[in-house]
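For reference, chains read A, B, C, D, E and F in written order, and residue numbers begin at 1 within each chain.
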Amino acid sequence: MFDLFFQFLTNTGYYLADYRHYIMIVVGSTFLYLGTAKKYEPLLLVPIGFGILVGNIPFFKGFGIGIYEANSVLHYLYFGVTTGVYPSIVFLGLGAMTDFSSLLAQPKLMLLGAAAQMGIYFTLLGAMFFGFAPREAASIAIIGGADGPTSIFLTAKLAPHLIGPIAIAAYSYMALIPVIQPPIMRLLTTRKERLIKMPPARNISKKELLIFPVAGVLLCCFLAPTALPLLGMLFLGNFLKECGVVNRLANTAQSAIVDTATIFLGFTVGCSTQADVFLTSKSLGIFFLGAVAFSIATASGLIFAKIMNLFLKDKINPLLGAAGVSAVPGSAREVHLMGLKEDPTNFLLMHGMACNSSGVIGSAICAGILWSFFV
Amino acid sequence: MIGIENITNHNGWAMAAVGATIVFSGLVVLSFVISQIHKLLKLWEDREKLIERFKKKAPAAVAEKVDAPAYSERHLPSVDELIGAYEPLADQLEESFNLSQLFEIAIKNDMPHPHLSIQRLQEADILVAQGDGTFTWNKQKESKA
Amino acid sequence: MFDLFFQFLTNTGYYLADYRHYIMIVVGSTFLYLGTAKKYEPLLLVPIGFGILVGNIPFFKGFGIGIYEANSVLHYLYFGVTTGVYPSIVFLGLGAMTDFSSLLAQPKLMLLGAAAQMGIYFTLLGAMFFGFAPREAASIAIIGGADGPTSIFLTAKLAPHLIGPIAIAAYSYMALIPVIQPPIMRLLTTRKERLIKMPPARNISKKELLIFPVAGVLLCCFLAPTALPLLGMLFLGNFLKECGVVNRLANTAQSAIVDTATIFLGFTVGCSTQADVFLTSKSLGIFFLGAVAFSIATASGLIFAKIMNLFLKDKINPLLGAAGVSAVPGSAREVHLMGLKEDPTNFLLMHGMACNSSGVIGSAICAGILWSFFV
Amino acid sequence: MIGIENITNHNGWAMAAVGATIVFSGLVVLSFVISQIHKLLKLWEDREKLIERFKKKAPAAVAEKVDAPAYSERHLPSVDELIGAYEPLADQLEESFNLSQLFEIAIKNDMPHPHLSIQRLQEADILVAQGDGTFTWNKQKESKA
Amino acid sequence: MFDLFFQFLTNTGYYLADYRHYIMIVVGSTFLYLGTAKKYEPLLLVPIGFGILVGNIPFFKGFGIGIYEANSVLHYLYFGVTTGVYPSIVFLGLGAMTDFSSLLAQPKLMLLGAAAQMGIYFTLLGAMFFGFAPREAASIAIIGGADGPTSIFLTAKLAPHLIGPIAIAAYSYMALIPVIQPPIMRLLTTRKERLIKMPPARNISKKELLIFPVAGVLLCCFLAPTALPLLGMLFLGNFLKECGVVNRLANTAQSAIVDTATIFLGFTVGCSTQADVFLTSKSLGIFFLGAVAFSIATASGLIFAKIMNLFLKDKINPLLGAAGVSAVPGSAREVHLMGLKEDPTNFLLMHGMACNSSGVIGSAICAGILWSFFV
Amino acid sequence: MIGIENITNHNGWAMAAVGATIVFSGLVVLSFVISQIHKLLKLWEDREKLIERFKKKAPAAVAEKVDAPAYSERHLPSVDELIGAYEPLADQLEESFNLSQLFEIAIKNDMPHPHLSIQRLQEADILVAQGDGTFTWNKQKESKA
């Protein structure tokens, strides 16, 4: 009787917990606080934060309850992460929610979405410099794409053991965009530049909106076929939305489907941060490099915009370069707010969204490119 | 291994350079193409106009009416007349209704070939799909019609 | 550096593409055009059409991105097709959306749903005549059932390597119903017959609607237990709808559930038409036989209706025979339109729907029968 | 192998014949059965009527009231009275509300045993389930009531 | 030709059926009748009842259509039961639908939820007394938790071969709560006790509602980590609901997600009652012990409430003890009705719900405890 | 094996006793903790009040305004003024609308920095999220405001 009692006690979390579990529980609670009280990207931080709590409840290995134990419920739900299915499905919903008309109205803004991807390649070098193996380095670099599902997808393919830290880093910095970007934006742009107004976007015809997803999937995936699981879904979702004859499918894609994927993606990614696999020096390195990646990405967007202005007759507002790091819609909002600060009549939100969406496409292509380097 | 050495031995410089080049060229091409779409569309429509010159019938229109056979042209009242006839019926239904409901009520009132009429009203966007299989009667549009 | 660059280029779709990919991309675009501009069965053609584009972007085998490569995202999504799970789920939603009252009001119309299945068995002989193996022939024959999910389900069980062409053939011809059926209808019926009016349907009590799915599942599946995965779900969905005490379940079944299955079924079936496995002489044969199947199915429905009239006191309009090929609701609409042409006061839609729904049941039973022949 | 030979050797004729026979017979049986359902139901209801003759209470009705215990018969006001009492409360809520909301508001207004009353209103289809857990107040029905 | 015909006939259900199939079909129809006409827990009984019909259509083993045959559609859908994924997802939705404020307002009612779990442990002894193996006994005992998903989850882990009978027993008795509980309640309480009125609940602040799921998941799962798959999801769903910043996720969790899991859980559990595996003496024993479990659970809740009253200054109405067996919301309703019978102004529903929800937590913990005994 | 023997040999008594003890203790602890939550919250808020004494700014408030930069304090009109300015615009939209729609219409009417204003209205719960990305204009709240 007492044997059983003590055997049970030795299997409780109270007995098994060590300081690392408490650290992670504090981290999880912080995520929940930032998401709930501060409203930083709650759709990301809330499921992840709660997942961190659940994933860091100490348990006796072998029960088959841990996310890394075969046959556990969490393991089955995590399957959608390790196979890359959840990210693809999130992109389906994203496509069904994204309105590309502002991008179609000013295609040159797409170059800013390309420029902001430079952060990825600098980080690639940085990560290798600090001794990460190439596949790990590539997975860390993609954090510079500022796109959660893309980062998770590539990491699942190249360095599955780093999914936890890389996903957490990517999502944390996406939530911290309002803290990271403004200083860099102020530093790299003059007041005169920040005052530049953008022309209102021309009207886009329904047919253009219909042709874009088709042209997009063909051009992007012919170039980088490995981007297909992400971009194929993104443009499928967008076509469902724009074609106007399958609204019931588009509605389901942008509600039930994407919400379900969001809950399980966030929750299981959170659970994957089990203290013993998460609290490593590697994770520290990843968080450092992630911050670098975000900063360089922002900077390269801004600088490239300034370079473009050397050649363009009607200048573009270089702040928009910072919106090239996808981080939908955080970065576009920051650009918009900074523009308003200088001139309360300067509205950059729509233009920022254009850069955002091209940033999403850009980082998905980069994921494809990096993946293809290692096959 | 660590430092520059790690980069060089694992072909890091090449990966960075090639990767950057490719994503850039890719998006440049894409942005160029989408900047051309509306011009191509314009050309296409002009071509259609030319064709119209010859045979007085817009292909687009044909496309629209594909499942409303030609004869219907002759027999059916105009959209405006249809609105007059069908709005009272639609008002008897809830805000959003299934076409079948409207269809049945139309039969009850011995409307002439309700099926084609309802089709017409759809094409004229007077009946607007809610995406969940139900439809609503579009007052704004109608006022324009 | 240049090695890597050229290595990458040799992995791009531009390098790997051959004429067959371009053919398929044209096919996919045509599907999108027919679905969007012509509004032919958009819920089917749009996801399939986009899937054809995605499935025919050339890629380097071994990356694990192709639908036929284990561990690719598309492969996991395709799993629901190869196992027959998607078709079953579509039938669940279909049942939750179908109102059988018009069928219950005039049970004799169910015979037309049976007659139209003759197309299946003639096509079976035809396919074997042209040298197809028996299991392939059976899968091709089911195209005559004019029911996409049923065709996919049977083919997945008997001849998985033909899922692509058979599904595409089935869905194409379902979309082309307005082109295929009218001439046959005019050919095989006299004006006098087309003018026959059907009596208005009697009112059906709630209890009848409740008993039908129970009686239906028992009678049909006792006869052909192999039809259970399809009919079990169909009648489950219908019971959820009619019982009136689980509306929330019925609503979800007819929206979120069926929409999700429709998107992934259509999209992955489209992807499965990879040029190298799709563009074969077999596919040509399948398309030819599919057209034959549809025509014979329509014809046998019409002719059987005329035969019935020899014995019936109050005649039925033989046009309804053409609605016996399910193809919900296309064929019913054609019958209705043809009836209106002859007499603008002759409304056959409701009666046509009755034949449609019995056609769905009929072809599901046939799928079960054919499957059971090969165990 | 090809042609008639292929059919014969693989038992094609048999499969076609048997298949056709079976699907036909199957649907014939089904259509016969469903044509009988309403007759059976009628018989059943007549039987019920007979029983009623003896004990003056429809079993169906009992079924309906199963979870509103007998005593409620005595204490509860009629459905019409309930409508009078509860409609004002329902109007204070949004178009579609949860029963719990109505329940709370009923308590606030010291309605006598609101739980059973609300149950009654549901059974009388005055409160109509929206299928998503919420309910609406059915004005049409009520007017009939 | 005739060979084939007779071969087919010998594969029809008509030929293969024996009396056991007809028994089960009667059982299934009864479930449908109780759910539809009597409105007993229709969300449970309707899918299960229809599943029983489908699962008991006789078929020739080897076709791959039976739920226990690998590669059958039903087998794939049943996977969510055997792995415990469906129960977890149902708990996610349950959490997103449950309002814990009445429990937070009167925490002492939680003890009644604990007391009612005694039924589980008495049944454990009873089941072992009648010679069930320990793991079977534990699975049977959990029926006393009066919580379908919890019973299925534990049984799937400890005695998968008993999922059918145990699930059916659990759900049947949950539906029969209005028959089982009232006599026991009358028997064990005096009129004076039944007349006790409970004080109105104090108002709960939004912050309390937010902290509860976090505190709940940590405290419960630190004690019984094996309860994590159930409680982790329950509290995740509740946090999504209460945090108020991810309403779209909470809405999907409490509609599309939980409805889908409910349909497939109920339907496949119904199918799993295949006559040959279900109609055994063990099943009879399970049904008998299940009834005992429910009765003891109810009794222990009532008695414990009376014991508490010996020490409490402001007494609690002992009827609430009966609501400690979760069986949401059936038992709370019975308590409420019984209270109303004695005094038409005594409203116990809200207090009953508090006991209900603590009963859910309690039985999930018990499932974890029992599971951990057998690792 | 059967009867008491089966229980004893398989450690049944222990399992029952231990299991009962643990679930009880577990729920006792939980019920104690949740009974303390609101007291702890009260303490916390008092602490905040104390802090307020010293620096005249509620941390909570800061938290609320985190993404509306400080400068907005100076430039922005009060919430009530904003209501006056924005309600007419909101009325031009449907019952529930996307913020972007309100945003565009605000620009058309040259409202000063609409983005921050809309943010303010959200924080003041005048604009209420419907959970599906759309918002409604909260009349009740407003009347209070």
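Quick note on the criterion: a residue touches a chain if its C-beta (ideal position, glycine included) is under 8 Å from a C-beta of that chain, and two chains touch if they have at least 3 such contacts.
In this text, all values refer to a predicted model and were calculated from it rather than measured experimentally.
**Q** What's the overlap between the neighbours of subunit B and those of subunit D?
**A** Joint contacts, listed by label: C.
**Q** Return the chains common to the contact lists of subunit C and subunit E.
**A** Correct list: A, D.
**Q** Comparing the two chain pairs, does B-C have more C-beta contacts than E-F, or is it the other way round?
**A** If we tally the C-beta pairs in contact for E-F and B-C, the bigger total goes to E-F.
**Q** Please name the chain that ends up farthest from subunit B once chain centres are defined by their CA atoms averaged.
**A** It is E.
**Q** Quick one: subunit A and subunit D, Cα centre-to-centre, how many Å?
**A** Distance between chain centres, rounded to whole Å: 48 Å.
**Q** Could you give the separation in Å between the centres of subunit A and subunit F, each centre being the mean of its C-alpha atoms?
**A** The computed centroid separation for subunit A versus subunit F comes out at 25 Å.
**Q** Per the centroid of Cα atoms for each chain, what is the distance between subunit C and subunit D, given in Å?
**A** Measuring from centre to centre gives 32 Å for this pair.
**Q** What are the residue numbers in subunit E that touch two or more other chains?
**A** Within subunit E, residues 4, 8, 39, 223-224, 248, 251, 255-256, 369, 373 contact more than one other chain.
**Q** Which residues of subunit F are in contact with two or more other chains?
**A** In subunit F, residues 11, 13, 15, 17-18, 22, 132-133 touch at least two other chains, as defined above.
**Q** Can you list every touching chain pair?
**A** All touching pairs, sorted by chain label, are A-B, A-C, A-E, A-F, B-C, C-D, C-E, D-E, E-F.
**Q** Would you tell me which residues of subunit C are touching subunit A in their complex?
**A** Spelled out, the residues of subunit C in touch with subunit A are 4, 8, 11-14, 16-17, 25, 29, 32, 35-36, 39, 42-43, 46-47, 50-51, 53-54, 57-60, 62-65, 71-74, 76-77, 255-256, 259-260, 262-263, 267.
**Q** Quick one: in the complex, what on subunit E touches subunit D?
**A** For this pair, the touching residues of subunit E are 1, 3-5, 8, 37-39, 97, 178, 255, 333, 336-337, 340-341, 344-345, 347, 349.
**Q** Mind listing the subunit A positions that touch subunit B in their complex?
**A** 103-104, 107-108, 110-111, 113-115, 117-118, 120-122, 124-125, 128-131, 134, 137-138, 204-205, 207-208, 211-212, 215-216, 219-220, 223-224, 247-248, 250-251, 358, 361-362, 365-366, 369-370, 373
**Q** For the complex, give me every residue of subunit D touching subunit C.
**A** Against subunit C, subunit D makes touches at 1-4, 6-7, 10-13, 15-20, 22-35, 37-38, 41, 129-133.
**Q** Help me check something: in the complex, which residues belonging to subunit D touch subunit E?
**A** Spelled out, the residues of subunit D in touch with subunit E are 11, 13-15, 17-18, 21-22, 63, 66-67, 69, 71, 75, 103, 107, 110, 112-116, 132-133.
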